[in-house]
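Pasting the structures here.
Next, two complexes with chain A in common: one pairs it with chain B, the other with chain C.
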Partner chain A sequence: MRERTSGRTVGGFRNLFLQGPAVTLLLLWMLVPLGMTIWFSFQRYNLMMPSVSGFAGWENYYYLVTDPALWTAMGNTLLLVGSVLAISVIGGTLLAVLFQQEFFGRGIARLLVIAPFFVMPTVSALIWQNMMMHPVYGVFAWLSKLLGLPVIDWFSAMPLISIIIIVAWHWMPFALLILLTAIQSLDDDQVEAARMDGAGPLAIFWFITLPHLKRAISVVIMIEMIFLLTVFAEIFVTTSGGPGLASTNLAYFIYIRALLDFDVGAASAGGVIAIILANIVAIFLVRTVAKNLET
Partner chain B sequence: MATLHLNNIVKDFGGTQVIKGVDLEVKDREFVVFVGPSGCGKSTLMRMIAGLESTTSGEIAIDGERVNEVGPADRGLAMVFQSYALYPHMSVEDNMGFSLRLAKVPKAERREKVLAAARILQLEPLLDRKPKALSGGQRQRVAIGRAIVRNPSIFLFDEPLSNLDAALRVQMRIELAQLHEELDATMIYVTHDQIEAMTMADKIVVLQDGVVEQIGSPMELYHHPRNRFVAGFIGSPKMNFLEVEVRGADAEGVEVALPGGDCRVPVAGDGVSAGDVVTLGIRPEHLALDEQGPLTGQIQVIERLGGVTSLYLEHGDSEWILVADGDVAHRVRDHVRFTFDPARAHLFTADGLALAHLERHPLVDIDRKENRASSASGGQR
Partner chain C sequence: MNPTTTKKLLLTLLAWGIAVIVFFPIFWMVVTGFKTEVQAIAPPTLIFDPTLAGYNTVIERADYLKFALNSIVIAFGSTLLALLVAIPAAYSMAFLPTKRTRGTLLWMLSTKMLPPVGVLMPIYLLSRDLGLLDTRTGLIIIYMLMNLPIVVWMLYTFFKDVPKDILEAGRMDGARTFQEVVYLLLPLTLPGIASTGLLAVILSWNEAFWSLNLTTSDAAPLTTFIASFSSPEGLFWAKLSAASTLAIAPILIFGWMTQKQMVRGLTFGAVK
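What follows is the complex of A and B.
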């Protein structure tokens, strides 16, 4: 017993010593970029005008907040995140139920349906742009022609919807993967008890499967949210945020400010706003998810 | 009112027959127990009755009507699962009322029925809790309550007590027996535990490898096992078996050779004659220590349970288990002599079938219901 009590204080030092490097590294990794971003956001710092420098106060923020482009980008971000979440969670849940059924070639079908998640965003955007949504060679154009419908030029007619489709295609398999593993842990006895109680397939889905998936769904939402707030490659490759600002989200907006306008100060201010937005979302999210994980 | 008839039921799982032609008749208000070692098909048989498993061939009839094509919900049965299978996200009340909710029973009526069932099982204080906040025994009660609420014609229990600890199991066993009395319903119960079968059943169905070995009252199975498997399966500790040679057979019984002299067992000797080898079976509790006894053995292990003592004896290459009084003073390695009453011994032919006793045991043909004090009014309801 005595060894254990003395071991605790020794262990405390030892733990600190062993954990120290990792914690320090992580802190530096997080704090240095964050600190620099905040620092730059208060500076006059434009690469095109090296002579103009010095402390800017809230000027960068003022110009940003009064710039209607920011609010358009913010709206687009929320629309993009919300739609992709809805599509991938609802679609993923239904697909998970489907792929849980026994059918011939299920193993291969599962592999194929998860595959899009392993395609790089840039590549998937290029595939969609040139093979699916292209107004001349695209599969969709061919389909519309087959049906005698007018051909849609996806990226100019509905740019944000096109981006949503591409991103949802990429993230639905992720939701499916998580939800499929969750659905496999559903107790067969529960389903059978529900059948004995008179539940049909729909009632079983609604009263048994869905409540069972609640926790997994909240995990999917949380993880996807983190990644969807920063969607960039798909926009960069296909629409470049256009036409106009129609498909510009916050990440792309910051990119425009920093690397097209070379205004590091304004871009940093945009970055800080993005951090605040992400944190607001995260607070709500973490709370609900934590509540779900408890029960 | 509910009766159940199984007519030559067969279940085939991709070429392997797990149920090989079962015939069974369950009378109204009967407590029938399916018992057998694991893998004998008893759970499959119950799941077929429940409608959760299809029937390859044969007919299942409830109240005389064929139900093979009827879905599990519409057969009017309720099942209690080994894992309880409670819905974890619903309160106890919602769990119990789930079937009524699906049947679109109005909320007030639903609550009334749930409360009635909760009263029987003393679950009233727990109605708002989630299953996670309940102990094993309480969960078990909720599962039973969920079955009661449906007011089924037949209750099905699939090893409901195997997840409980020993003390709770005994308690729930008694509660289930009382419940059977109170509800006066037909019940079918699956277990691998022969004590549960013996204590609760009106009728036991012993299964092995998808075949019914014997159907009968607990006492019939104990005193008149049809074959060696049933004899070994029913009763604890297991029955002793010894290969012996037949000296002769006549109307009085069969004379067999024992190490300490011949012995006449009062069974019908049709089909055996002098020189045949048969198996003598004697239950450990029917062996008695006796200094003049014809059999001897050396004690290998002693298990003292207080009230009784089990002696594990060895003689040559034969082994015996003997249940003696709790006060025997023998020690390990002692040599003892023992005897038995030939009327309580069994003889099994080479193919495992028992030779019928000339006299039936007096307790065998007494209906279990007649043993119960409250059964005078059993016919009503």
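What follows is the complex of A and C.
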């Protein structure tokens, strides 16, 4: 008995000692930049104009929300997040069902189809831009000519759609990887029983597979959303947000304010908006994970 | 032919068709790396004399090795640091749980939700003022912090699977915490630790927001180097392809090797 009580206090100190470094580092990593962003967002602070300084109140936010570019960027962000989510979740679910079936060379085919997730964003952006979608030398242009279709100059005719294709190519395999793992825990007996009762493949998919995947799908949606809200490298490398603002999303908009205009105040106000958006999603993700932690 | 075989053949055709289309850009990149610059922009063909010229020029350029070395040092350095900080924390969470453990874990997860672009300005200015802009140290610290929550989480799930009796037995023999971790826990969970480390390496290697914004030349990893090909005068496709192939090959292999455990880490244990 005596041993247990002493063990508990020693355990308390040990926990502090063992978890201390990790907790302290993360606390600093979270609070310092967050505090600074919020502080800057209320300051007149431009690296190019050192003489202008002082408390700005809501000025940066006012300037930001009255800037039509912000709303274009928000619209593009929504479109990008929405389309990539739709493509990757629907595509990922259907492919998970397909790649769960028995067929020849399944192991290798699975490796090939999840590969894009491991390609660094700058590489995937450049391969797509130059070798796939290039209006003269690209594979797509060659295919169009072969089929007698008009050649599309992807990045100037439909810049946002081109970015969506590149980003979806990266994230659809992620959805597939997660859903394929989740689908493997599906109870075969249940499926067999349903088949015995005369359920067709569509009914099995709709009433058994899909409900089984529900939680995995929601996790995929939330994780992707957090990353998709701030897609950056693909735009930086290919279109630089253009032509005009056609492919500028929120992340790229903040980047322009920050490192091209050096307007720390406005960039930070944009940053605060991005943080708020991400946290709305994050609350749901943390809840789902927390539910899972109890069981 | 019986219907099951027909079905299997059709499935094979469909699944392989999709797999080939999805993988095609990577395949095409690898192939283009073996072409000359002239062949690279000629109409697409698979019939050509493969040459190693692209790879040779890339490797011979002294700076390519510098970028590759930066990637290696930054990815592995940040991963080792993260493991060093995370192993004690995950140990205490798994074996000495308290009422607060669950809250701490969830809080750690929530720090991942801060979008990098939201704190671009502070991190940029802090790095500048601390002299960490364009240094490996700067990126190592940032990647370590970026991956710390995932690393703690993954280690925690692996440590929790270790039967408590084994550690109890060690404790009876008078093992101190340190010895318990080093001689009992680490050997037992080595596969889990390795896959956690590999995931952190993959995430650091492919990270492209901080590397593009905080490095220019000295500490630039491969992500930044590849991005420099995007300038119009830098359009050498064979070289771009060769450099890209070399940049993604190790990570692709790591990823294939650890995909099962990665799912656990990427979903914070919500999907196993």
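Just so it is clear, the second predicted complex is superposed on the first by the 263 of 295 C-alpha atoms of A that agree within 3 Å, B and C clash if a C-alpha of one lies under 4 Å from a C-alpha of the other, contacts with A are read in each partner's own complex, and residues count from 1 in each chain.
Everything below uses one rule, namely that a contact is a pair of C-beta atoms (placed from the backbone, for glycine too) under 8 Å apart; a residue touches a chain by one contact, two chains touch by 3 or more.
Just so we're clear, the structure is a prediction, and the values are computed from it rather than from any experiment.
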Side-by-side fit of chain B and chain C on chain A, or clash: fit
Given the superposition on chain A, which partner contacts more residues in chain A: chain B or chain C? C
Going by the contact rule set out at the top, does A:84 touch chain B (first), chain C (second), both, or neither? neither
Which holds for A:137: it touches chain B only (first), chain C only (second), both, or neither? second
Which partner does A:122 contact after superposing on A: first (chain B), second (chain C), both, neither? second
Name the contact category of A:208: first (chain B only), second (chain C only), both, or neither. first
Once the two structures are placed together by chain A, how many degrees is the angle at chain A between chain B and chain C, based on Cα centres and rounded to a multiple of 10? 80
Look at A:193 in the shared chain and tell me whether it touches chain B only, chain C only, both, or neither; answer first, second, both or neither. first
Based on the superposed arrangement, let me know which partner A:236 touches: chain B (first), chain C (second), both, or neither? second
Nearest CA pair across chain B and chain C in the overlay: distance in Å? 10
Using the superposition on chain A as set up above, list the residues of chain A that contact both chain B and chain C. none
Where on chain A does chain B make contact in their complex? 187, 189-190, 192-199, 203, 207-208, 211-212, 214, 295
Residue positions on chain B within touch of chain A in the complex are 50, 52, 71-74, 77-79, 81-89, 98-99, 102-103, 130, 146, 150
Within the complex, which stretch of chain A touches chain C? 11-12, 14-15, 17-19, 21-23, 25-26, 29-30, 32-34, 36-37, 40, 95, 98-99, 101-106, 109-132, 136-137, 139, 142, 169, 172-174, 177-178, 181-182, 185, 215-216, 219-220, 223, 226, 229-230, 232-233, 236-238, 250-251, 254-255, 258-259, 264, 267-268, 271-272, 274-275, 277-279, 281-282, 285-286, 288-290, 292-293
Touching residues of chain C toward chain A in the complex: what are they? 8-9, 11-12, 14-16, 18-20, 22-26, 28-29, 32, 40-41, 43-44, 85-86, 88-89, 91-93, 96, 98, 102, 104-106, 108-126, 145, 148-149, 152, 177, 202, 205-206, 208-209, 212-213, 222-224, 226-227, 229-230, 235, 237, 240-241, 244, 247-248, 251-252, 254-256, 259-260, 262-263, 266-272
